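Next up: some structures, all given as structure tokens.
In what follows, chain A forms one complex with chain B and a second complex with chain C.
Moving on, here comes the complex of A and B:
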């Protein structure tokens, strides 16, 4: 909450963003369910704003064995990178659960692991589309990139040099899946001007509905 | 190659655009471009190959028409999302059997990864690019790889089960050209057999050698180097110290060969032969030791004495024998019981033994008779020893109740005319007879030196 208020976000704006993400994740769950013809359950325990310097520490400490991530860059009304992050071992579980395979973890092939790209694509597209539709934003979104066991810097750098002094918006959404009990993160990395734009869009949205 | 937008040809000449279009046409990736009306604007040769639909048939049609409504919903939604919202999507065959009915060059179902990307075309809103990557070969390779891995794993498991349950240790060390050693196989029996930690042994190629007792190390080294030089088989029996608590006997079989990479493979099979060694030892002891008193039994006593006789003859050195007979032994048995009698003999044996030299041969001839062979002793020296022994025995208390026992001793020295030690013993025996007649508890020597 502190980070948000430091950037002069109001409580209402944060709530609105939270709600939008909730909806987005709900859509994602629905889409995944259709894909695998069985119910996929995604819940959001928490949504936070984290500073760039803290996020890498946190990710590393919570995932000591490494992470898998799928990221999609976007540009337009706001620019940034969306990412889906799993602890590396759990990433297998998710794919297995969705593919109904009984293959052992270490036998998972490259192709099966890349199936995570599609899972990431579904989830991230749902979140971004919901955001764009609700706030009337226009963005082009690129295809997902899948990285297994990648360094956090790969995720955070994008085209810019990692800069700890700048405060960028990191919206961390933890979610769990139904059976596998997997904790993952949805991360939105935005540059400062985009952070500002987002807040303004939220404000406009709130004005419209109030 | 033509690009049609609303029936108006856009490109027809050899401009750069035309060249690029040709490249797109000939690429190995299946490529479709849909215009803002979702009709096919570009359909490359690979798509024809995948679908059987020619370029002319495809131009201007929607995908639904071309594929007669067999398209996956997620696919059509992805196209929507691309054109309306600018979102890209990826679809893998892992989740969707058939996004579209497409076939590979073998006529089998195509396995692919499909990308849907929005295209911003100037003055024409959003178009859509669809890329189809054929991953059939990759899938096949991965499937084969998985089969091989499974087989290997099963094979390894079988081997492990077999070797872990053997009462022997199988050990294989791979030695590279530069002398680097690595344990390439070790059965788990090593833990039970040698009380050695399996993990430790896996990282110590020379673990066995480090447990061999100092005395046997040279033999061990010799066997191993011979094997490595000649590639012959060798085996060696050594003792190993297991955590300084006990000693075990190990028989190690070694064999070596070269593998196809020029490395030397040293195979070892280790058996615990401690039990066998103990039995061996026991047998030997039974053959030589008198079970009651713990000193040499008759057979061994005579054998050793005969040996001393031969040595004495060869080197012309003196050799004397004492025959020691317990006085009134029958009485001891009758008065105090046979157990007491046995005890007396045992204590007597220990007492005498403690007073003799290392080189003296001492054993039980039978019943209550004992013999001492004294190398390098003349009859007079032997007499002195005998007297000493007699006094000792006289002083010894044989029971808490103060039972005392005495002995009669006959002394004889080996004469040139003696053919074997038995002759000497006979004379000593006669001397004992004399000692008994003289009243017992005394020493009589046979001084006739002819």
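Moving on, here comes the complex of A and C:
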């Protein structure tokens, strides 16, 4: 909360953003659950202001064997990157759950990129659409990109909107299923100018409803 | 004569509690709203206030809204209870159905809260609610 206070964020603004992300990820979980025909369990969204270096270190320590991820950049009222991340050993569990009884086992590897990109598209867009609709933001979403077994630097590299040293908004939600062993998380990153714009939008939204 | 009701709202988000309170007041400004910000407190407020209707968030730290609904149902078999969530998965729907728990979809709107409250009044009164 100290970092939020330093950037003039109030407790109500953090609460509102957490709730909006909670709704977005709830819609996403419903969609994913329909796709894999299984209950999807979610963690409470964790929203922090951290440096990009901290994000790298954290993701690396949680995924020492590497990660697979789908990411989608968004731009407009606010700019940033959304990503669906899996520990490398768990990403194929999702592919199997999605394509079971649809394609033969030996075709699944070929389908991995398409399948995970589509899941990323569905999940990340549900979150982005909820944020945009609730706060009346204009957000354009780029095509999902899939990286198998990439280091965390790949997720953060090639992204000129995320500053390396300055504070970025970080929102993470873990999701998992019990039967098929799907385990991953949704991550949102916003660079500092967008963090400020988002705070203003949240304040306008709160003034309207309170 | 119009019935005065008490609605218990349990949600860890202040924003969600405010939105629900506004929607309930829009439906009937005479109704009383009591709030709790987690499942454990929700149980205490329920026992202290004896509400007529309960709306609980599904996704909260500590016990989930569904677990809370299960505990409330043990104490009162007929009270109208709704889970308020965007996460309306089939598995959650089935568990809610076993507890006779309805859904109010998030994002909260006056319309979807109003539908649940109207249905609740019919269940409590056995007749259509008064205008």
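FYI, the second predicted complex is superposed on the first by the 167 of 210 C-alpha atoms of A that agree within 3 Å, B and C clash if a C-alpha of one lies under 4 Å from a C-alpha of the other, contacts with A are read in each partner's own complex, and residues count from 1 in each chain.
To be clear about the criterion, a contact is a pair of C-beta atoms (placed from the backbone, for glycine too) under 8 Å apart; a residue touches a chain by one contact, two chains touch by 3 or more.
All of these numbers come straight from a predicted model, not from anything done at the bench.
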Classify the contacts of A:209 with the two partner chains as first (chain B alone), second (chain C alone), both, or neither. second
Once the shared chain is lined up, is A:34 touching chain B (first), chain C (second), both, or neither of them? both
Which superposed partner A:19 touches (first chain B, second chain C, both, neither): second
So, does A:114 touch the first partner chain B, the second partner chain C, both, or neither? first
Just to be sure I read the superposition right, which of the two partners does A:143 touch: chain B = first, chain C = second, or both, or neither? first
Is A:57 touching anything from chain B or chain C once the two structures are fitted on A? First, second, both or neither. neither
Going by the contact rule set out at the top, does A:134 touch chain B (first), chain C (second), both, or neither? second
Common ground on chain A, meaning residues reached by chain C in one complex and by chain B in the other: 34
Of chain A, residues touching chain C in the complex: 12, 15-16, 18-19, 22-27, 29-30, 33-34, 38-40, 42, 44, 130, 134, 206, 209-210
Given the complex, residues on chain C that touch chain A span 12-16, 18-19, 22, 58-61, 85-92, 106-107
Once bound in the complex, which stretches of chain B touch chain A? 73-74, 81, 85-92, 94-96, 113, 115, 117-118, 120, 135, 138-139, 142, 145-146, 149-150
Which residues of chain A touch chain B in the complex? 31, 34-36, 72, 76, 98-99, 107, 109-112, 114-115, 117-118, 121, 125, 128-129, 132-133, 138-144
